[in-house]
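Per-chain numbering from 1; labels A, B, C and D assigned in written order.
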Amino acid sequence: MPVWELLVGGILLGGLYALMACGLNLIFGVMGVINFAHGDFLAVAALITVSLVVGLGLPFIVAVVVVPLLLAAFGYVFQAVILRRIANGPVIMSVLATFAVSTIIVNGAILVWGGSYRGLPGVLGGSVELFGLHLSESRLVAFVVAMTGSLGVWWFLRRTRFGRAIRSVAQAPELATISGISIDRVRNVTFALGAGMAGLGGVLMAPTFAADPQLGSRFLIKAFAVIIVGGMGSYPGAMAGALLLGVLEVFGSYWFGPTIGSALLFLVMLATLLVRPQGLFGIGLRT
Amino acid sequence: MFQSLPRTLAALGLLTAVLFGAPTARAADPIKIGIALSMTGNLADSAGHYRKAIELWRDMINQKGGLLGRPVELVLYDERSDPATAARLYERLITVDKVDLLIAPWGSASTATSSAVAEKHKRLLINAGGASEKVQERGFRYTVQTAAPISAYVEGIAPLMAKYKYDSMVMVSRDFNAARDMSAALEKIAKEKNIKILNSEYFPAGSTDFSSNIAKGRQLGPDVWVSLAYPNEAIELVRQFRATNYLPKVFISNGVSQEDFLKAAGKDGEYAIGMSLYEPVMKTKGNAEFAKAFVAKYGYEPGYFAGFGYAGATVLAEVVTKTGSLDQDKLRAELDTYETDTVLGHHKIEPKTGLQVGVKGLLIQVRNGKREIIWPTEFKTIDEVLPLPAWEQRS
Amino acid sequence: MQPDIPAAPSAPPVLELQQLRTGYGDVPVVQGVDMRFAAGRMTAIIGSNGAGKSTVIKAAAGLLKVWSGRVLAAGADITREPGHRRLARGIAYVPQGRIVLPEMTVRENLELGGYPLGSDRRRVKAAIERLVVLFPVLGDRMAQLAGNMSGGEQQMLAIARALMTDPATVILDEPSLGLSPKFVDIVFTKLQELSAAGLTVIVVEQKASKILEIAQHGYVMHTGRVLFEGSGADLLADEQVKRVFLGEMPDALAASATAEG
Amino acid sequence: MKAPLLIALFALLLAVVPLFGGDYVLAFCVQLLVFVSLAYSWNLIGGYAGYTHFGQVTFFGLGAYVGALLMQSGVHWLLAAAAAALSGLLVALPLGGVMLRLRGPFFAIGMYGMARVFDSLALGLDDITQGGTGLYLTPLGNLYGIYAALAVIAVVMLIATYRLDNSRFGLQLLAIREDEQAAEAMGIRTARLKIAAFAASAIAPGAVGSLYATYLSYIDPSTAFGSMTELTTIAMVLLGGLGTVFGPLIGAVLMSVVNEFLWSRFPELYLGLVGCIILAAVLFMPRGIASFVVKRGWRGLPVPREHLRRIALRARGAVPHV
């Protein structure tokens, strides 16, 4: 059995999962909003990236900067205009709202890009050799960005004034209000941040996957699995959870075939929910 | 609330009329052909090419004066890649829109459900987009396949392997009905030709990671890697081959034979081999005209998804012209023995099951960003390069 | 026993509620309440369970949408102003129930209270130092998780946090809730100290007689309305208040009190 | 007295449809009734007990496969549907025991994962299910039988919901939704009730799944466990009114009609348009149409215990401390 190859493959896949989960962890883990449109944020970001790089011939790095900003702006407006109005309602309302937005995004993307698959040939397509193993360049970059990004957000939430404000809004919104924090503003910025991270995720996934408007639903549940296994709102946890799930999926697929391999992801998620709802690693921001 | 009962009923009646009434008024008494296919859902991309070809066919035939002297009109619906919706929409096409002729949806699953509806209404359904043999083997009288059957997809593989004395393969396919049919067909061939099948796996639709399959492939070292998959999966496979510096001696997938693959895989897609059923360069009947018009209208070369749609419509139009009628039973009877040539090649069905037996398969190789035919020899446009050149030897 | 500090007639009260109506969802809870909180005074709001005491001050603190009526701060209409702007007007609020962030340290909790001070670390630090003098118990626990402290200590932390921005007015919602008698005394003494130092204190309390002993002014609420108003001493002395609200009273009696009031 | 009248009217309407409608109207009604039944079932656990989740297709798909396999071995389709209903119940009992320990979004997401697990099983156990090939069945000659069976299920679900709404059980479920701990403190055996509601909510989906397979004469994993089926059902219930007697019916009818109208006229936009409609409903009628109409004083729609319902539907996190 090619243990090392599978392990490295799993870890790099975990990096992609961490990337998918990064923004969702802020939005679901910290704000408690189940954002059904998160996968579509990723897909649209990937599609915009393809359009910028292949269509307009801009360098990839431009997309890395521009696309997250675009998505962040969209997220801000989405939160400020729509989600804010139902923030105090039952969780299921935000689910329905984000689901509705998801269908609108998918439809819009089909109108703009058509249904076909798009890729980024030539961008980060190569492989890097390390100790006799061949690692995907694009996944390596995604992995590094996901890990540093996660650590960065973790530091931001713990150590900065605004990060603390986000945490207090998540844990006790009333307390935040009486401490002079505008819940609306914090939520808008948090959602924008989460959407921006989804944007970055989408950009970095564009070189790996064939992107199409309906790519999103494939990513969504995996991203949820990652943050549930890792612990809601916990960034180190999500990183560890993503790696664990990636490794598990690759090994599981190797042993039991891809169908069961990807089902393992959900089984682990269910087991975590039932046995250790706070996540396998440490404590989330919301308990 | 009961005082307003008459008014409520009137409103209900109006609503019913709006809902279930035919959406378009008749103009110059056209012949209406009904199709429901995916505009959304996971088959939207492949169905899109199919649809474009059929729309092109409509334009072309109308330019030539239509069918039986009447203009052709398409009634198109989106079945959302959902077999249930497809069934309902064919019910609608038949009973509400009262279309004259039917062409099947894209994909075997939706064809399975819509063929049952057509059968119930004794309506001819041209199965132009479903490769699975199971659909035909149900013995539905009114479903006639113009799409290539699974056997056509795989027939080039054994000769190619024999030529290079390759004797082992792995199969990694998306789990859907046609892929399972294909595996069965390949297993049969393998038995006859003494080919070792080292591994046969299915991945669920929506899979994007093939790390474990590649690791297994590297370990097993097959000569040939076959994937019955959609273009996105073919794209992701070669990308991941490249990214992990893996390459079988031959990589064959039907997903390679589409424009999306050429564009999205770019250089990484070079030398990949595609199972194909149609190529624009083929010297089949009417193909030059079709390919030219297709490129002119849509800006890219048609692949076999498009070829299927055009061929299905062509066969349908020919039998209608020949019988001079829209009577479903007459048309079906004529199709029993009707043989013709389409852009796909020869059309011929097995009368009992309606299974297509005329269309032959091709193998293509991607060279300089274009599809070139490498098999069978009579259509060959280029000599194949095999085994696939290693990644580091490519510029 | 308290020196009476009459509010200067010309100066508007620091906080004033006019014909306030509010509730939760569609359910009305507070049905037309008028209250005036004069500067420097300690005012107690008492009443039975469900009288609407907490609801009134929540609305005053901007945490609950006001259905009708007005909330004035030093004469300015702040009815529609969002809750997070109250601190800027010098009005702080100490909620009841889960009152600290248990997974944050004491220092982080205090820093949260100092959020409006901005990112200037020195100002935050100075404020914390000032409060440690007032609440010595917090001094040696700065690095401890707030959730690990006793209920009384958490209440101290909550009050300290509310004072981080040095507000002129502080509203407290049942600060004695769930505390041991010893800590209730400590908390009340602390309130008295703060009041004596010039802070305007508004406090909702179940422990009515105890709070009326130290408050200069008081409101008695029942079923969403103000039943009685008066100085702490007067209310303490009032037979009806005593009979109905200061002892264990059956609902029927309260109803009769409502009818009479 | 008005509710039984409305139910009778609905039943009557269902009875006359086959007399006047053509095959397409019937096919439309089959789809509609599938969703009505699913919506009422989901309403039991999601609306009354407050355990909203995204895993109802688990039972729908299970029923489809159980029914299809039985029919393939020669069992009559009605019997197969009954067996499928039973399979839903039998699987839901232990599943409920385990999953209902989860709350809020965790239960919702957990059940979504559960549906995916079953989906994978349908693909993975290909010796039994034929994997992605799907199961082919002999089509029934016409739709009347299936229509009638579905109509009966829909009416039974409607009546059951009406009875529940006026029963002690219903009240206890509402209490669980409102505050589970308090309900427990009041002596309500919450665990048992929740599981009962969950299991009850799995019966009709099982049967309906089997009937759906009969209707299509084909079933494959992506049809049986489709996420769209799930989300459409939930959207219908929420649109109509969570935890109300007529909400699911109103939601299902309205959304099916709107869907039908939009996709035949705006095939390229309808998905987005449906999204816009749902969004508008969420923003402007968050309690669903049933409550919206009642609030506007339309007395035709009976809603018992209105006051309680209003409290129960109040925003989370604004529980009064009065």
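In the analysis below, contacts are C-beta pairs under 8 Å (C-beta built on N, C-alpha and C of every residue); 3 or more make two chains touch, one makes a residue touch a chain.
Bear in mind that the values here come from a model prediction, so they are computed numbers and not experimental data.
Novice: Considering only chains that satisfy the touch condition with chain B, which of them also satisfy it with chain D?
Specialist: Chains touching both chain B and chain D: A.
Novice: Most remote chain relative to chain A, going by C-alpha centroids?
Specialist: The most remote chain is C.
Novice: So what's the Cα centroid distance for chain A and chain C, whole Å?
Specialist: 43
Novice: With chain centres taken as the means of their Cα atoms, state the distance from chain B to chain C in Å.
Specialist: Computed value for the inter-centroid distance: 73 Å.
Novice: So, what's the distance in Å between the C-alpha centres of chain D and chain A?
Specialist: Going by mean C-alpha positions, chain A sits 31 Å from chain D.
Novice: Between chain A and chain B, what's the gap in Å when you average each chain's C-alpha atoms?
Specialist: One centre to the other, that is 35 Å.
Novice: What positions in chain B touch 2 or more of the other chains?
Specialist: Chain B, residues with two or more chain partners: 39-40, 42, 175, 202, 204.
Novice: For chain C, which residues are shared contacts with two or more other chains?
Specialist: none
Novice: Spell out, as numbers or ranges, the residues of chain A touching 2 or more other chains.
Specialist: Expected reply: 106-107, 110, 217, 257, 259, 262.
Novice: Any idea which chain A residues touch chain C in the complex?
Specialist: These residues of chain A touch chain C: 161, 164-165, 167-168, 171-172, 174-184, 283, 285, 287.
Novice: Considering the complex alone, what residue numbers of chain D touch chain A?
Specialist: 46, 52, 98-99, 101-102, 104-106, 108-110, 112-114, 116-117, 120-121, 123-124, 227, 231, 234-235, 238, 242, 268-269, 271-272, 274-276, 278-279, 282-283, 286, 315-318
Novice: Inside the complex, what are the residues of chain A that reach chain B?
Specialist: 1-2, 5-6, 9-10, 12-13, 16, 106-107, 110, 114-119, 121-122, 125-127, 129, 134-139, 208-210, 212, 214, 217-218, 249-254, 257-259, 261-262
Novice: Along chain D, where are the residues that touch chain B in the complex?
Specialist: 22-25, 27-28, 31, 119-120, 123, 126, 130-134, 136, 139, 141-142, 212, 215-218, 220-223, 226, 228, 257, 260-261, 263-265, 267-268, 270-271, 300
Novice: Would you tell me which residues of chain B are touching chain A in their complex?
Specialist: 39-42, 44-45, 47-48, 175, 201-204, 206-209, 211-216, 218-219, 231-233, 235-236, 239-240, 242-246, 259-260, 263-269, 391
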